[in-house]
Amino acid sequence: MEPCIVMLTDFGTHDPFVGIMKGVITGISPGIQIIDLCHEIPPGDIQQASIALWQSVSYFPQGTIFLVVVDPGVGTHRRPLIIHSGGNIFIGPDNGIFTFILEKSALAWELENSNFQLPDPMRTFHGRDIFAPAAAYAARGIQGFEFGKLISKLVKIPAPRLETAIPGVIFGETLHTDRFGNILTSLGVFKPKNDGVFSFFPWVGEHPPMEINLRMANLHLQNRGKINWALTFEGIPKNQCAFIVGSSGLIEIVSNQGNAARLLGFGPGNTIELHFPMKEVLRRTP
Amino acid sequence: MEPCIVMLTDFGTHDPFVGIMKGVITGISPGIQIIDLCHEIPPGDIQQASIALWQSVSYFPQGTIFLVVVDPGVGTHRRPLIIHSGGNIFIGPDNGIFTFILEKSALAWELENSNFQLPDPMRTFHGRDIFAPAAAYAARGIQGFEFGKLISKLVKIPAPRLETAIPGVIFGETLHTDRFGNILTSLGVFKPKNDGVFSFFPWVGEHPPMEINLRMANLHLQNRGKINWALTFEGIPKNQCAFIVGSSGLIEIVSNQGNAARLLGFGPGNTIELHFPMKEVLRRTP
Amino acid sequence: MEPCIVMLTDFGTHDPFVGIMKGVITGISPGIQIIDLCHEIPPGDIQQASIALWQSVSYFPQGTIFLVVVDPGVGTHRRPLIIHSGGNIFIGPDNGIFTFILEKSALAWELENSNFQLPDPMRTFHGRDIFAPAAAYAARGIQGFEFGKLISKLVKIPAPRLETAIPGVIFGETLHTDRFGNILTSLGVFKPKNDGVFSFFPWVGEHPPMEINLRMANLHLQNRGKINWALTFEGIPKNQCAFIVGSSGLIEIVSNQGNAARLLGFGPGNTIELHFPMKEVLRRTP
């Protein structure tokens, strides 16, 4: 089965940029399936793109080609890449956009071979001239090493805040508000065990996993007091907010059929703290 | 021929939600054609989604799979459904979203069989974990009864206002303003006969059909006076408004190359009245 | 290989219009690949659509079917067209939208044959009832002459300003601001030769080509002073603006990782002048 190409860009949909890239792809790899992951990443927002990619990759079949063009440094010396990682292929600029999806065994090559580019690539639209052709040729089976030289060290962006140094508290930050007013945070990944107890596997950093009873936890919001956990939207009283474990395993601040960001006057870039009772402490309580 | 999957959601395009659902679909049913009907339904607006679906279904080939996720009650006890109706398949929550497309012979089953869901579905993103897999398996030929138990009574939402009790008047309401400023109303369906005469087949409710000469009718707008009928945009004087029979057979309030909603200061949720001469009355006039 | 259908409209994505057109297409030509070029052309903006089309066509494989519906005159007497030009097929209204992509050898026919339309086309949605079916039938191999009578003279819109009458100056205008704040202008097409020297091939009008050293040129902005040329974004000091040769070969006003339109308080519809030293003049300089 031919792989599909998944596009993630900050090009928006008001200009023909994305469509032109699809034209280039379809000229090289006719009939290939192209899926839009998102084109509304805020211009140049590498962090948001890298997190959206991390949230999405595992839901696509192995062998998918991810064409990621959020590229504030287009035309500069940042390198254009093809990466083989986890059975998938990633194509885009070496600016940190792949920070959270790289497996240890990932291999990366620079896109240098002009046979797999449009003639005379311009310095302002590598999406069209370099990245789209690379994705289309990769779909036709061209291997990473055929594009250029192996690269040993990729650019990485700093991870969002996730600190567990103090027992009973995890420090994090708010990342992004979605269309429904749900505020995504850096706290996670949480996987449900039973009755409010979750396994916490930090998705960034080197923290050890632990078990946390969210039923007994609070989420402190910078200058906004604290909120409780809810299993589902339904469990939250109308016009109040709570935190849930969202669909990516990250904690989200939400309300029941309302807009949490608006209700709280809260958004991305704020500090949050998850306070929870330590098991050992609990045992000692008389 | 493999069917296509048509997606209608309120997820917008600023987040990767829709793309992730497509990833799930393509993992189960590789290469299937996926068509975006609309993802910009206002969050949770079941009525608007149900009308957009009603406007669209008949323009797709029979056998199409409609994947409809406007789901303010995600994670609550509303049932996830697969419906066979009119030769098509509909997948989405049992919240009334299918009210206007259900044929009398429609059959519905609850999506219960975990073989056709992602493992450990989360309570916050049934679009990804339950509905997208169901659509993809349905495309592979899994029948409704294989997903779960037959359901006898589906949730319905109230129909938009359409009242014909008083001879010579039809009461309705404005529903939705489109990108061009055209205001869709609940009045219809009208099918052209000749020279301004239309057959009126009420699209909701139990009213009998009748013939109406729109050339002699007025549309009264709540607090905005009345406007006349036009056959096409062209027939309307510049910067004035009129009503036409729109592309779905519903009356729309429009202007000629202008924005009717802005010109009138008018929008959804208002009462409108179509006044027209009754044939019988006319005959008796001396 | 089956061609793909590329859609360019002003229908936006908040209504199901585009999705409905895709339903019609897929009913006639099942499984065909449909690519969205852009649906966010401002309502009725024929010039912007015609330029977006011109920027895009050459990046699609020959044989592509371009379905272009920006149609402020829908329902009036403007003719619906199918055009064969440059190995591609173009379908849309005869309102000038194809002005910049027509080759001398182009042939156009009127879409008259009701066998290739939906039954009873309505006067308000030719995209659905006439143009989408035509694109789908063209994809199945129906030839232009089978749709209707040959047309000899197509409507054209005026070209954007591009004047070279005065030696050492090219007059132009700003056309469109993109998502990143880059301002597209009518000045071009420029193709790089070496070290700041470009060949200038006027993309509209009958001006002779010439060579221009952009390194020694200034771009005068109406009421906004003048700016210099840069090879890439990188070469521009932070928070300053410059002009570059953009990805279509047209001059664009840009900044380095900033929003030029916002920095300059500048936008479409303004006069600009490219001032450059004439070679002959230079030679005579002592």
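We just call them A, B and C in the order they show up, numbering each chain from 1.
By our rule, a contact is a pair of C-beta atoms (placed from the backbone, for glycine too) under 8 Å apart; a residue touches a chain by one contact, two chains touch by 3 or more.
The model shown is predicted, which means the values in this text are computed figures rather than measured ones.
Visitor: If chain A and chain C share one sequence, what is the angle of the rotation that overlays their CA atoms, in steps of 5 degrees?
Guide: 120
Visitor: Any idea if chain B and chain C meet via the same residues, over half in common, or different ones?
Guide: Under half of the interface numbering overlaps between copies: different.
Visitor: At what distance in angstrom does the C-alpha mean of chain C lie from that of chain B?
Guide: Centres of chain B and chain C (C-alpha means) sit 34 Å apart.
Visitor: Considering chain B alone, which of its residues make contact with at least two other chains?
Guide: Touching at least two other chains: 13.
Visitor: Write out the stretch or stretches of chain A touching chain C in their complex.
Guide: Touching chain C: residues 10-20, 22-24, 26-27, 30-31, 34, 43-44, 72-77, 120, 122-125, 128-129 of chain A.
Visitor: Contact residues on chain B for chain C in the complex?
Guide: Interface residues on chain B, with respect to chain C: 1-2, 4, 6, 8, 13, 33, 35-40, 52, 55-56, 59-61, 64, 178-180, 192, 231-234, 244-247, 252, 257.
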